[in-house]
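Shared between the two complexes below is chain A, which pairs with chain B and chain C, respectively.
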Partner chain A sequence: MNVPLPNADHLVGIVFLIMIGLTITGGVIACNANRLVRAVAGLVVCFVGVAGLYYFLNSPFIAMMQMLIYVGAVAVTISFAIMFAAPEESKKHGPPGTLAGPFGLITAGLLFGGFTLLALKTDWQVHAKINDGSVETMGKLLLTEYAMVFELISIVLLTAIIGALIIARRGRSS
Partner chain B sequence: MEILSLYNNLNTFLIIGALLFSMGVYGLVTRRTLIGMLIAAELILAGASINFMAFNRFTAPDPQVGQIFTLFIMAIAAAEAAIGLSIVVAIYRNYKSIDAEDLVELKG
Partner chain C sequence: MELTLLNVVIAVTIAIGFAALNAAYLVWAERRGAGRIQNRPGPNINGPLGLLQPPLDGIKLMAKQLIIPGGADKALFIAAPVLAMAPAIVSFVTLPFSDTIIAHNLNIGVLAIFAFASLGGISLLFAGWSSRNKYAVMSSVRAVSQAIAYEIPMLVTVITVVLITGTMNLMEIVEAQKGGIWNWYFFPFTSGLYNPLMTMSFLIFFICALAETNRAPFDLGEAESELVAGFHTEYGSMGFGLFFMGEYANIVIGSCLTTLLFLGGWDAPLPVLSFIPGVVWFLIKIYLIIATIIWIRWTFPRTTIYGLLNLSWKILIPLSLFNLLLTAGLLKVV
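Up next, the complex of A and B:
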């Protein structure tokens, strides 16, 4: 068997495998690390991998938004909250909950197995594309067909920001 | 060289999404602190988004709808993180703890 020389296709496949590795490694760190700061670092790694996966799904715009919103904003917000409110992690007192340990693992394993079976057994129907997935078309759709949803999400975000400020301020002894 | 053309396959992305989702559920039920639970919830949302984007790329007739939906999921996740973290800060100020097991004042 002659091994073909590496070409551009192989390179793309290797980059994809690296992205999968980043996603899974980051996810495992994010839900297993003892210290919360390490969990946030794992979350960032996981989100960078997910952004790479979005790029492979023909959506560079969503990949960019993933980097901006999740890696740039959400992870930083969580880090701030940890610095504010997590003095010492892992003061393990009392028995762990009933779902922690093997039961949690079994739950997650059952979910994963079920979803995987569902994905593999179903005969997904492929439809012909009716437009390209370009950013230009998406911008037009956001301002015409989905304009109402766009405005509503803006109001939700505004309400969330104001509500977060009010909740975080209340009870401050001043 | 089958493994190098995985990126052109719908099932790959569905399995990655399922894996992220179940890791998020695992973290959600095992974490003791509220911030850890919030991190796990972000993992769940990422898994759902990957599913939407995969179907959007491979099967859906209109390849815009999934992208727009994922964009809205991101906005909702940002709002959820902001509100959740401000609630965590408020809880920490009142209880001096963010351990989920300490919030049992209504238990009697």
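Up next, the complex of A and C:
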């Protein structure tokens, strides 16, 4: 019996598969959970999986930001909102939307078919590395080539903050 | 070094072993220290100086039944303590202990540690919510608002250091402080960019590290006089044990970061003393900080939640932002 010991490449492959598994499982839990907090937990799992995929895509910085912002801030904020909003007992089922039932199935089928076609027909170009993925490169690109996008995103965030303040203000009596 | 399965396994084992051993024996140190400060013996029956107490506690915890309260969310209830412990272990991957002892020298080491630490908040939320206990929920909401409040000044202070060194690599940050105690970043005027406020940013970072690890005087998450035992009220057996170990592992990480960012890492305080290996200096420094943390816990009373949040939002954040501006200005001038 000569069972080869798994070497580092296998290990990396296994970790990659685990990350894909985490992303998909997390997504499925987030969509199908009965309790909202469990859905958030699924979302967290999904975020961690996506962060792992970013790491494999040679951008550790984005991976860490994904963890810091999405897991550390967004998921926490969502769970705060859920805990304060509705107690779990008063779960209500609203009337099904127009997309529920056969339409939903058709939409899902079309989307699946479309994406499959897209994936199969596209001539994917494999880049070993686009750039070195370091913080320096990213910072320079953000402030030169993508400066416009960068500024636009900050305007979007500013609008969101002001909007949230206005909504919060309206609820107060004074 | 080449990446092989054996290396990975050894590194992970060392990380877990170091974290677990520290957690176990810091509890002992804490209880002995508390005894000393409060003028009583502390645990001294089992073994010499009570040194057998931690393994016995561990056996006791493991032998207990894990009781899941009725109505609790079972999956999250079990996941929460694991989620509290796991990120702490992962953080050890990128923490250098000397110029040679490091598992993986990440280029963004500082960021990675904060990213993993941010998982801790969510574990507290899940623990509190899934226990189905009012006190637990109250406590987890408190703990998370505290964590968010103190993450901001902590990160701003870290950005100050990153600005000075121009790197997020922990090894390079320590390299930049080489050459004796006056080059360490906690020292004003001579270190870094001759910034006179470096001692202040060291203090801000240290206070935030205390608050982030939920240590007294900021342990409002488990204020036992108000909230039974906080978010781990319903946890018994090793579930509680994992929370406990996670807390102590986080204390170790906090002191490691303080040492690396402000106290020169493994650099000897005087160049004459550099014949002593760096790892010895590093361990001396982190255990001095940990001793201070224990000392503070048993000397100061707990603050109130308003006092705590006011301290962060009204004092620490403005101060750290001012220091950031000053550092950015000095970067242009010097």
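By definition in this document, the second predicted complex is superposed on the first by the 142 of 174 C-alpha atoms of A that agree within 3 Å, B and C clash if a C-alpha of one lies under 4 Å from a C-alpha of the other, contacts with A are read in each partner's own complex, and residues count from 1 in each chain.
Keep this in mind: contacts are C-beta pairs under 8 Å (C-beta built on N, C-alpha and C of every residue); 3 or more make two chains touch, one makes a residue touch a chain.
These figures come from a predicted structure and were not determined experimentally.
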| item | value |
| --- | --- |
| Fit or clash between chain C and chain B when superposed on chain A | fit |
| Touching partner for A:A168 - first (chain B), second (chain C), both, neither | first |
| Touched partner set for A:M83, first chain B, second chain C, both or neither | second |
| Contacts of A:R38 with chain B and chain C, given as first, second, both or neither | second |
| Which superposed partner A:A73 touches (first chain B, second chain C, both, neither) | both |
| Chain B versus chain C as contact partner of A:M148, first or second or both or neither | neither |
| Partner chain in contact with A:F61 - chain B first, chain C second, else both or neither | both |
| Chain B or chain C, by number of chain A residues touched | B |
| First (chain B), second (chain C), both or neither touched by A:V28 | first |
| Lowest C-alpha to C-alpha distance for chain C against chain B (Å) | 15 |
| Overlap of chain C and chain B interfaces on chain A (superposed complexes) | 10, 61, 65, 73, 80 |
| Contacting residues of chain A [partner chain B, same complex] | 4, 9-10, 12-14, 16-17, 20, 23-24, 27-28, 30-32, 36, 39-40, 43, 46-47, 50, 53-54, 56-59, 61-62, 65-66, 69-70, 73-74, 77-78, 80-82, 84-86, 89, 91-92, 94, 96-97, 99-101, 103-105, 107-109, 111-112, 115-116, 119-120, 124-133, 137-138, 141-142, 146, 149, 153, 156-157, 160-161, 163-165, 167-168, 170-172 |
| Chain B residues within the chain A interface of the complex | 1, 3-7, 10-27, 29-33, 35-36, 38-40, 42-43, 46, 49-50, 53-64, 67-68, 70-72, 74-83, 85-94, 98-99, 101 |
| Residues of chain A touching chain C in the complex | 5-8, 10-11, 35, 37-38, 41, 44, 48, 51, 60-61, 63-65, 67-68, 71-73, 75-76, 79-80, 83, 134-135 |
| Residue ranges of chain C in contact with chain A within the complex | 2-5, 8, 73, 75-76, 79, 106-108, 111-112, 114-119, 121-122, 125-126, 129-130, 137, 141, 144, 148, 151, 168 |
